[in-house]
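The two complexes that follow have chain A in common; it is paired with chain B in the first and with chain C in the second.
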Partner chain A sequence: MIDRLIYYLGFPFVRYALIVGVLIALCSSLLGVSLVLKRFSFIGDGLSHVAFGAMAVASVMKMTNEMPLTLLITMVCAVLLLRTGQKAKLSGDAAVAMLSVGALAIGYLLMNIFTPGGNLSGDVCTTLFGSTSILTLTKGEVYLCIVLSALVLAAFVLLYNKLFAVTFDENFASATGVSAGTYNMILAMMTAVIIVLAMNLVGSLLISALVIFPALSAMRVFRSFRSVTICSAVLSVICALLGLLISIVTSTPVGSTIVAVDLAAFGLFALWDKLKTGGFIR
Partner chain B sequence: MAYITCYDLALGYDGETILRGLNFQVDPGDYLCIVGENGSGKSTLMKTILGLRAPMGGSITTGDGLTQREIGYLPQQTLVQRDFPASIREIVLSGCQGRCGFRPFYNKEEKALAARNIEKMGLKGMEDRCYRELSGGQQQRVLLARALCATQKLLLLDEPVSGLDPVVTEEMYRLIDDLNKKEGITIIMISHDIAVALRRASHILHIGHSVFFGPRDEYVKSAVGRLFLSEERGGEQA
Partner chain C sequence: MKRTIVLALTLCVLLLTACGSGETAASKASSTNTPTVADVLNAENAKPEEKTGLTADQLPEASADDDVDLDLTQMNANMVYAEVNNIMVSPEDYVGKTVRMGGPCYSVYVDETKQTYYAVIIQDATACCSQGLEYVLADDSLYPKDDTEVVVTGTFETYEELGALYCHLVDATIARG
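Take a look at the complex of A and B:
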């Protein structure tokens, strides 16, 4: 089996997939901690459906590169979602649900009307579940992904303390002069970037898993914000690597394999927490 | 010049005014209790003082060296998430965030300030404990230490003892008294416990159908105060 793995690693597209997979897993898990604690778990899901819709529009318009338009539309929606959350005319979760289902439906509708014949269900399945697109990445896409994740990582490290303050108690932060609105906006932007990137990896349906699972697992066992953040990042990278390798060797779908590994890790962490609180481990 | 001056202030939300013509001021060293019936606008007033919400009319000005950002704030306990993974040190340090500006990390003085305030609140040695595993009284002291990192001048406390048992409540009040008397920190406290307000505060602001602002002794003699006090006592006897 090791031989087979080494054989596969000889191909550049497999190495690209590993690089991109690890980077996306790292970024999404870091943002995930804040998103879960801010009760924004579903923003990832909503935005990924928006990205699906945007991608459908881009492909209907016969654009050669779908990324820029998808990124733009997703970012605009991220900002809009956060603002409706603050003004509270339409409650946050309702807004997310509406946008998410709406974008999904419109996206499918557009693809259905404007794609003559062809392999429509195959296309849709690829966009939703990411099947093999991570194995067909071009060099340019890999570089773009590296640059964007480096930006997100740098922003996260520099804003770490501010994100903590705003996430823990937004009122206190604003009252003492921290511009909570700005940091919420930056968080939304970073989320949008990561989601558009992650669509290549796991497809739009499973992105939420990448965002929330590592954070939830880490929160079962660790008790401080810093340890939860670090654990969630490490765990997410390990799960992504493991999932990718398993899927390459056993030729299972990449996205679902990674999520399955994440789910197993969550189970283990929950068990650890149970044993610890039960007094079996000291 | 007072720390805070409210002039002809009108409060409300969603376009409806619930309170108008409010005048009061807070001088350095004061211990002001804000009392009033539920729904009289206490929390709205507090958010307006903190600058989280714009007044519907009139003005709130800060002076005497106090800026809007130097108001430390202890929220009602229910507002802080109870399942949040955070250590005591992380939370207290976050009180320094306002003075960081665009600087990404805390400097030595801020870390020392946080350590001093943790010690002052009697939490030394527990810095790495998780917030959600603390008792209600300990949690309030963590948040008080955080507020002290944000200011040395004025603290705004929103029902600081709600949900605490009588012994811890008494401890909490004594801690606030000490901050006021020994450290010279000005206190604005929202409370529905009128007896405590009368025993501890130097000034009373009563809002509701009728409004009173003045020193404690005058409140007891005023028409508003007498009515409210008799209602409270009647309520307790019934």
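Take a look at the complex of A and C:
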């Protein structure tokens, strides 16, 4: 099995998949902590469906590179969702649900009517479940992913204190002069970027797992924001790497395998927490 | 029968899917005329003699040949799918290389060129996406029946037809899969 893995690592597309997989896992887990604590766990799911709809529009328009339009539409929707949530004319979860199913339906409808490719079910399957799309990245897509991930990581590190303040108590943050609206907006935009990137890794239906599982697992064992964030990042990268390697060697679907590993890690952390609270571990 | 129609339709789409750099095979397909089920049925009915071929038992045994640059039969489904996608996206990197591939083979007659094309279908692990690679045998008498599992070894080449770039393995040899 090791020989086979070494043989497969000789292919450039496998190395691209590992680089992109690690970067996406790292970025999504960092944002995941804030999103889970702010009770925005489901926003990732909603935005990923928006990204699916946007990708369908780009396909119908026969755009050679679908990412810029997908990114733009997803970011706009992320900002709109956030604003709707604050003004509360339409409650946050209702807005997410509406946008989520609406974008999914419109996306599929457009793809069906205009049939951008010969293999519609294949295109839809690839977009929704990732399929093997992480193994079919071009060099350009890898560079774009590296740049966007670096931007997200830099923003997270530079704005760590502000994001921390906004995550726990927006009112207190506002009272101390932090513009909660602006930082919420930045968080939403960073989430949109990661979701568009993560569609290649796990597909739009499974993105939420990449965002919430590492954070939830880390929260089972650690208590402070910093330790949860660090644990979540490390765990997410390990799970993504493990999932990718298992998938490459055993030929299972990449996205589902990564999510299964994340789920197993959550189970282990939950067990650890139970044993700890039960007094079996000191 | 339904399965045959679906497979024939898939093959038509795959054969009409040109390869080229900077654009995936799937996105190129959007610029071609995708045949309808009726087109495929007409083609099948019009050329019944093209559907004859050798059974798996009549094909030669696969021999161990190390002189292969890219052996797709040694890879698992995910890797084969990714590598074939790579071939479709950057065919220029593979021209002149000896490639070996395995899987079910299918044929389709295309009216515009008045030719029958043969391809091996490669499916990914989720079985929702499939790609095919066309081959031209050195020995015309060895073309197999549709749905026969085969191993084909040939030299990778590109060619232009009806204004699009296509890929195929030429001077190919065939063995039972």
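By our rule, the second predicted complex is superposed on the first by the 280 of 282 C-alpha atoms of A that agree within 3 Å, B and C clash if a C-alpha of one lies under 4 Å from a C-alpha of the other, contacts with A are read in each partner's own complex, and residues count from 1 in each chain.
Convention: a contact is a pair of C-beta atoms (placed from the backbone, for glycine too) under 8 Å apart; a residue touches a chain by one contact, two chains touch by 3 or more.
Worth saying up front: this structure is predicted, and the values here are computed from it rather than measured.
Aligning the shared chain A places chain B and chain C next to each other free of steric conflict. When the two structures are aligned on the shared chain, A:135 is found in touch with chain C, with no touch to chain B.
Of the two partner chains, neither chain B nor chain C is touched by A:98.
Of the two partner chains placed around the shared chain by superposition, chain C is the only one that A:8 touches, whereas chain B remains out of contact. When the two structures are aligned on the shared chain, A:224 is found in touch with chain B, with no touch to chain C. In the superposition on chain A, A:150 makes contact with neither chain B nor chain C.
Legend: residue contacts after superposition of the two complexes on their common chain; A:76 is shown touching neither chain B nor chain C.
In the superposition on chain A, A:177 contacts chain B only, with no contact to chain C. In the superposition on chain A, A:160 makes contact with chain B only, not with chain C. Put simply, if you stand at the Cα centre of chain A and look at the Cα centres of chain B and chain C, the angle between them is 170 degrees to the nearest 10. Between chain B and chain C in the chain A overlay, the least Cα distance found is 39 Å.
In the superposition on chain A, no residue of chain A contacts both chain B and chain C.
Here chain A touches chain B in the complex through residues 37, 157-162, 164-165, 168-169, 171-178, 219, 222-228, going by the rule given at the top. Against chain A, the residues of chain C that register as touching in their complex are 10, 13-14, 16-17, 22-24, 26-27, 29-32, 34, 75-79, 81-83, 85-86, 89, 124-126, 128-130.
Those residues of chain A lying in contact with chain C across their complex are 8, 11, 13-14, 59, 62, 64, 115-119, 121-123, 125-126, 129, 131-132, 135-136, 138, 247-254. Against chain A, the residues of chain B that register as touching in their complex are 47, 50-52, 68-69, 71-73, 75, 79-81, 84-87, 90-91, 93-95, 97-100, 104-106, 128, 130, 132-133, 146-147, 150-151.
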